[in-house]
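Letters A, B, C, D, E and F mark the chains in the order given here, with residues in each chain numbered from 1 onward.
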Amino acid sequence: MLTALEKADVLTAALPYIQAFAGKTIVIKYGGHAMVNPELEKLVLKDIILMKLVGMNPVIVHGGGPIIDQWLQKVNIQPRFVNGLRVTDEATMEMVEMVLAGKINKGIVNLINQFGGRAAGLCGKDGGLILARKKQNAKLDLGLVGEVVTIDPGIIHCLIREGYIPVIAPIGVNGQGETLNINADYVAGALGGALKAHKLILLTDVEGIYLGEEDGQKQLASRLNAQEIPQLIHKGVIRGGMIPKVESCLAALEKGVENVHVVDGRKAHSLLLEIFTNEGIGTMVVKS
Amino acid sequence: MLTALEKADVLTAALPYIQAFAGKTIVIKYGGHAMVNPELEKLVLKDIILMKLVGMNPVIVHGGGPIIDQWLQKVNIQPRFVNGLRVTDEATMEMVEMVLAGKINKGIVNLINQFGGRAAGLCGKDGGLILARKKQNAKLDLGLVGEVVTIDPGIIHCLIREGYIPVIAPIGVNGQGETLNINADYVAGALGGALKAHKLILLTDVEGIYLGEEDGQKQLASRLNAQEIPQLIHKGVIRGGMIPKVESCLAALEKGVENVHVVDGRKAHSLLLEIFTNEGIGTMVVKS
Amino acid sequence: MLTALEKADVLTAALPYIQAFAGKTIVIKYGGHAMVNPELEKLVLKDIILMKLVGMNPVIVHGGGPIIDQWLQKVNIQPRFVNGLRVTDEATMEMVEMVLAGKINKGIVNLINQFGGRAAGLCGKDGGLILARKKQNAKLDLGLVGEVVTIDPGIIHCLIREGYIPVIAPIGVNGQGETLNINADYVAGALGGALKAHKLILLTDVEGIYLGEEDGQKQLASRLNAQEIPQLIHKGVIRGGMIPKVESCLAALEKGVENVHVVDGRKAHSLLLEIFTNEGIGTMVVKS
Amino acid sequence: MLTALEKADVLTAALPYIQAFAGKTIVIKYGGHAMVNPELEKLVLKDIILMKLVGMNPVIVHGGGPIIDQWLQKVNIQPRFVNGLRVTDEATMEMVEMVLAGKINKGIVNLINQFGGRAAGLCGKDGGLILARKKQNAKLDLGLVGEVVTIDPGIIHCLIREGYIPVIAPIGVNGQGETLNINADYVAGALGGALKAHKLILLTDVEGIYLGEEDGQKQLASRLNAQEIPQLIHKGVIRGGMIPKVESCLAALEKGVENVHVVDGRKAHSLLLEIFTNEGIGTMVVKS
Amino acid sequence: MLTALEKADVLTAALPYIQAFAGKTIVIKYGGHAMVNPELEKLVLKDIILMKLVGMNPVIVHGGGPIIDQWLQKVNIQPRFVNGLRVTDEATMEMVEMVLAGKINKGIVNLINQFGGRAAGLCGKDGGLILARKKQNAKLDLGLVGEVVTIDPGIIHCLIREGYIPVIAPIGVNGQGETLNINADYVAGALGGALKAHKLILLTDVEGIYLGEEDGQKQLASRLNAQEIPQLIHKGVIRGGMIPKVESCLAALEKGVENVHVVDGRKAHSLLLEIFTNEGIGTMVVKS
Amino acid sequence: MLTALEKADVLTAALPYIQAFAGKTIVIKYGGHAMVNPELEKLVLKDIILMKLVGMNPVIVHGGGPIIDQWLQKVNIQPRFVNGLRVTDEATMEMVEMVLAGKINKGIVNLINQFGGRAAGLCGKDGGLILARKKQNAKLDLGLVGEVVTIDPGIIHCLIREGYIPVIAPIGVNGQGETLNINADYVAGALGGALKAHKLILLTDVEGIYLGEEDGQKQLASRLNAQEIPQLIHKGVIRGGMIPKVESCLAALEKGVENVHVVDGRKAHSLLLEIFTNEGIGTMVVKS
């Protein structure tokens, strides 16, 4: 049990961080374990409410992951792959949108509101938020998978101004009105850029970005220079699901987001510790 | 083909209606054929965009109907009935929310935006819009079926002020954070009251409210006094799906909505004709 | 008699024009038959009220024409000419101002208000709107005839912001406080420029700008390039009262007005058709 | 020639008056000699500009008087009388409006602007300022002579807020759109009431209100109780052109105007002395 | 050393308090040890900065105490007493004002600014903040000792709105412009009332309000009913320097301040613990 | 005794000056006789209230002078000099701050408020107004004497906007939080620059800037070119206490202050005459 004085010291120690981030926009990519484990979910969302209360403007972009797969199974849609890449056909897209915009999004909003915050959920269709296009791939047609073309952040600014925490499902629309599924990491990066966010934080299910192994031990990078990243991808040191994350980081840095972090979402309060303390958590990607 | 002058005359004839409704909020319950027939849907949504453009503030509340049933079938949820009333269990509610908030709601938003309007979709969770409770029924437990307790219209006002057309899915939350399915007619009536709307229009799949038959012909009421309604329900003249509609009308009238209409949504442009002309369409319910 | 559906179609067809012109300022030079024929006057002013109601900002500049001549006769002022140009002496100017600012201007304001609009009338003296100087003419002294030096649009913006339709009499003042009579076409062009208007429409008593005759038939230009105009004036193809109109068009185009039209004011609803339809009406002058 | 110190003392002495009247609306009925004598006119208008500059909100209502008669003669309109009261027919009204709204009003505006102020001229038609009706007279039809029904002060507030000095011509419109001539004293009183003015000042061509003669000398009242006035009119002590003035005073007092003064407009700077000093000038009418 | 998780738990635990006090005004009487001990001073002021940062509006009223006495000695002013009460003559008042408004006030402001806050210091003269009168005492003339008549909180609202922490020296002025010394406890209570503060916290040099001794041990009241206080003073249970504190509490409660606390200023972070935790600290005085 | 007309003429003559200075900021360095002579003080402060009332934004910077010396004597602090320059040690600085910020500043505020104005007093610590540094002097350490580094005018703008007259004591803080004494002339110049003031007026105890003697008579410059000043200082023509004044003038001119005046504060109403008349008073320094 902490003494009253210890508690007070912690609160006081948070002072400079609160000062530094007052009025700043912070985009959080929320997904993985932190989303499916109810205990972690509660901690993350309370951390975000605290950020809002002390004057920051958090914006949540969530993914879908395993929950989508469960629902695709329920309706007997078999995943189809071409060259190892999943193809999103219309039936799949329909289910994906319902899960992202109708289930996960509203569930997060509801929890935040139950914990005393004020959230409002949107997808990329609302207010024309995300104009997308089909992801270009020279050789393959992956179907209704999209990439961000432009963000119209008007509706987000409107919600922030009125005191809401915006919660965004990564759904976009192209010029023909087709619904497209976009990787939430990319949406977070693009949104960070469009909102001129101060910070982008990607919650992942690993400790951060690894730089290979040494003596059988994964080497965590606490700081990574943007200009090293292409080489690391090329060498296969950064690979798999970490690629969209680092590309999202690069895109955000390029559009002027000042701080970009890949953080371990499996640890309790990793978000809060990243914001309010100088504990070294995860990997910070910096502009070259 | 109309002459230029005929066109001009129509536009000029709309003048007094535009003057009368400038800045007024108009809540539209949107559902039935007008929602499932793509051609009608297009006409209705364009009518609503026109209302917005000429200075009115339309707010859409949509239902779900047959689309929900299709999806319940897809996931093999068998409807369960007690005394002829459907029971909404958790699995059903989960699907209902996904269809309403994730599919129908976003589909309407997308179409309005494609037609040049600016819409944003919400459900009753967003911004704490709809606080509900389980529907009280002395004898039966119908599960997660709700009724409106209070509306917090803050987020709707915010969207209207910024020029968006709000599109609302009839989902509420109770004090325990449980998701509840609410009849869209009731949501429309309660929202009309909370927004101090000028007009409430319920689109239906009949011509209006009938007062029984005469010589084998249904008698359409063009005007109905609120105080006659309980008696008409009691006698079974008004029955079935028309009951929530007239109860919604009564609730709205009581909270100060000035004009309440039940209109045939199957006819092209019925909404626009109701607003911009003095054609007699459907049934107007008036305060006693 | 049009069917309800035909009416609805016309209203819907107006939708894209209303969208395109929302919040845009449109300067209308109002004069000729459309001003002296009570039936036409009523139609024009109702068209302008409609424009205001659907979100445009119309500004009216009116001329005087035959009404001024009638009053000069009543007070026995004989028109004086030098080299065929009318000379405006002080007595004439006094009468001209009373007719323009005290009779025609207030008459238009009154009619708009009677038809349900909200107008306010000004001349170039009010709020220091029009600073003018005596028209320079190397050889002749035409007296109190002026040309616009600068426009101070502050009072117009103020009236627009408060929801009024400004109605402007073409009277200016020079640095010495002398009242000067200015051709209303020029005032409309200069005002369009100063207000950064989206559109300038000059109502005339001909179909538009003619490009000479062919087979005894006047050839109407539906579209004219600004850079051809000096040549057409030089050749005498454009001449007489059309010269101030095209010069006004050129001045407005130069100051950034995007669309400039010379339209037949003798036809019913020509203004409304020009704004709300794609009927080819009159002549559009375009920037080279 | 005053010394610098004497000048400074005068300015300092004005301090409490400036403090007391900051932001207060002051309605001035302007007419008589002060309007037709160019030297006096200049002094009065400069006094009003000074009032505006030091933070008061002066509003001018002007009359017409002899200038109207000159113009009626020019167009050969013979004044017609019934029982000694002038009848205003349509031809007369047309001329009256042109002189009031087109000549006198714009002349005052122009002079204020030339002296460095910012004025804007309106008549009762502009912005629907004055709704009037034909003056009721049991026995006689005096034609187009009106009395104020209601004032819509919106446009005046708009001009005051933007820093203009409103100048009002006493023309009203009735529900049928007919132009009516209203006595400027009554307009000033009604406007004072509608604007919740702090002060109403009527400039006249006498020293103030006389209470009869004593020893061949007119007795000037420096202070008069509102409730004595009906009796004084009845006795004929107050009569002729002073009647509309005192009735205007009574109307203004009733609507809450705090100070009402009848002041000698023939004396230089009488307005300024009334406002900025405690010199006893003219007659103050006080609420009983 | 606390673990990261323990730190996070403390921050999260503060969440409901931050939510509850957002935008609320909290008046803090600052004096005693917490003001003269540099280490405590630093902690108190950092606590106040934290309160401001997380959205509360703290207002500081400081006393003078021993620092005043030191300066009176330096200028050889001997304290004069009548019946045991100090008399404040003009020379004393002059020194008191300089110390309060020129030394202590500006010292607090400077420290807050050095710690990253934004403070601005005022005394009761600035913006006419405190209108006072000489303290009434039937038998004695205590000289320039005052009591609050009215507070004009305009300038405090202005500073709060612009993001400053107002720091107030307890100096008042009476109608004759005489400077009066007022007990800071009373000023804090009156200011709390005038600002409709949510909370008034009086920092003292004891643990709280004692209710006599028991077994040689002082009995601290953790909660005291306002209506018991007069009796406790009468009995001498509450006495000495605690009397102005409890009277200040009563005055604030009466004017609608919701929470009133007497807290031990000698303990580190007592302010912060009172605000952000549910630790029982000092005495809460509640409305009967 | 002046006649009413003479009074009116004076007020009218002030008109163009009021017009020219409406909304303009005017920084006044207030010190010398005008501050210690109660009669002059009253006149100066009333002049400043008048300036505020007629729409200017006066800002007062005051010095300390003889009053500081009196208090240093009272506490037996002996002035210490190095090379003829006074050294400000900590004990001196403590007393200087109390006199400037706690006595003189609050005294001025109190008088302005007693005369019907609304003043608020600040020193350079409040709102972080003056960031200073120790005055650099190659050879000597003069102790806590400062020079302005930057001005953060936010709090001054806030007070002006709310209608207060800001009164500033010339105290600054350096980055280490040390209190520094700054010559009030320099503060006035720097503040004039930071506020983009229209005018800087330095009240002195001489007639203005002298250009040496001729025939035993000091030659007053009524106008002095900024670029001549360094030469005049170098020659010793401008010397002593006039040097900070002219350097303040140069600094202000460089930062864009349009008019800079050195004026005789010993003459009654010299401020008011400088502002409201064209009397030649003191010396105007103009940009080369």
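One rule holds for everything that comes next: a contact is a pair of C-beta atoms (placed from the backbone, for glycine too) under 8 Å apart; a residue touches a chain by one contact, two chains touch by 3 or more.
What you see is a predicted model, and the numbers here were worked out from it, not measured in a lab.
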| field | Chain labels contacting chain A and also chain F | value | E
| task | Starting from the mean Cα coordinates of chain C and chain E, work out the distance between those two points in Å. | result | 70
| note | Whole-Å distance, C-alpha centre of chain A to that of chain E, is 46
| message | Counting only Cα atoms for the centres, state how far chain A is from chain C in Å. | response | 57
| message | Could you work out how far the Cα centre of chain E sits from that of chain F, in whole Å? | response | 35
| remark: chain C touches at least 2 other chains through residues none
| request: Just say which it is for the chain contacts: an open line, a closed ring, a star, complete, or other. | output: ring
| Cyclic chain order - from chain E, heading first toward chain F | E, F, D, C, B, A
| task | In the complex, go through chain B and note every residue touching chain A. | result | 74-75, 94, 97-103, 105-106, 109-111, 113-114, 118-123, 125-128, 154-155, 158-159, 162, 164, 171, 173, 177, 179
| In the complex with chain C, residue positions of chain B that touch it | 2, 4-16, 18-19, 22, 43, 46-47, 49-50, 53-55, 116, 268-269, 272-273, 276-277, 279
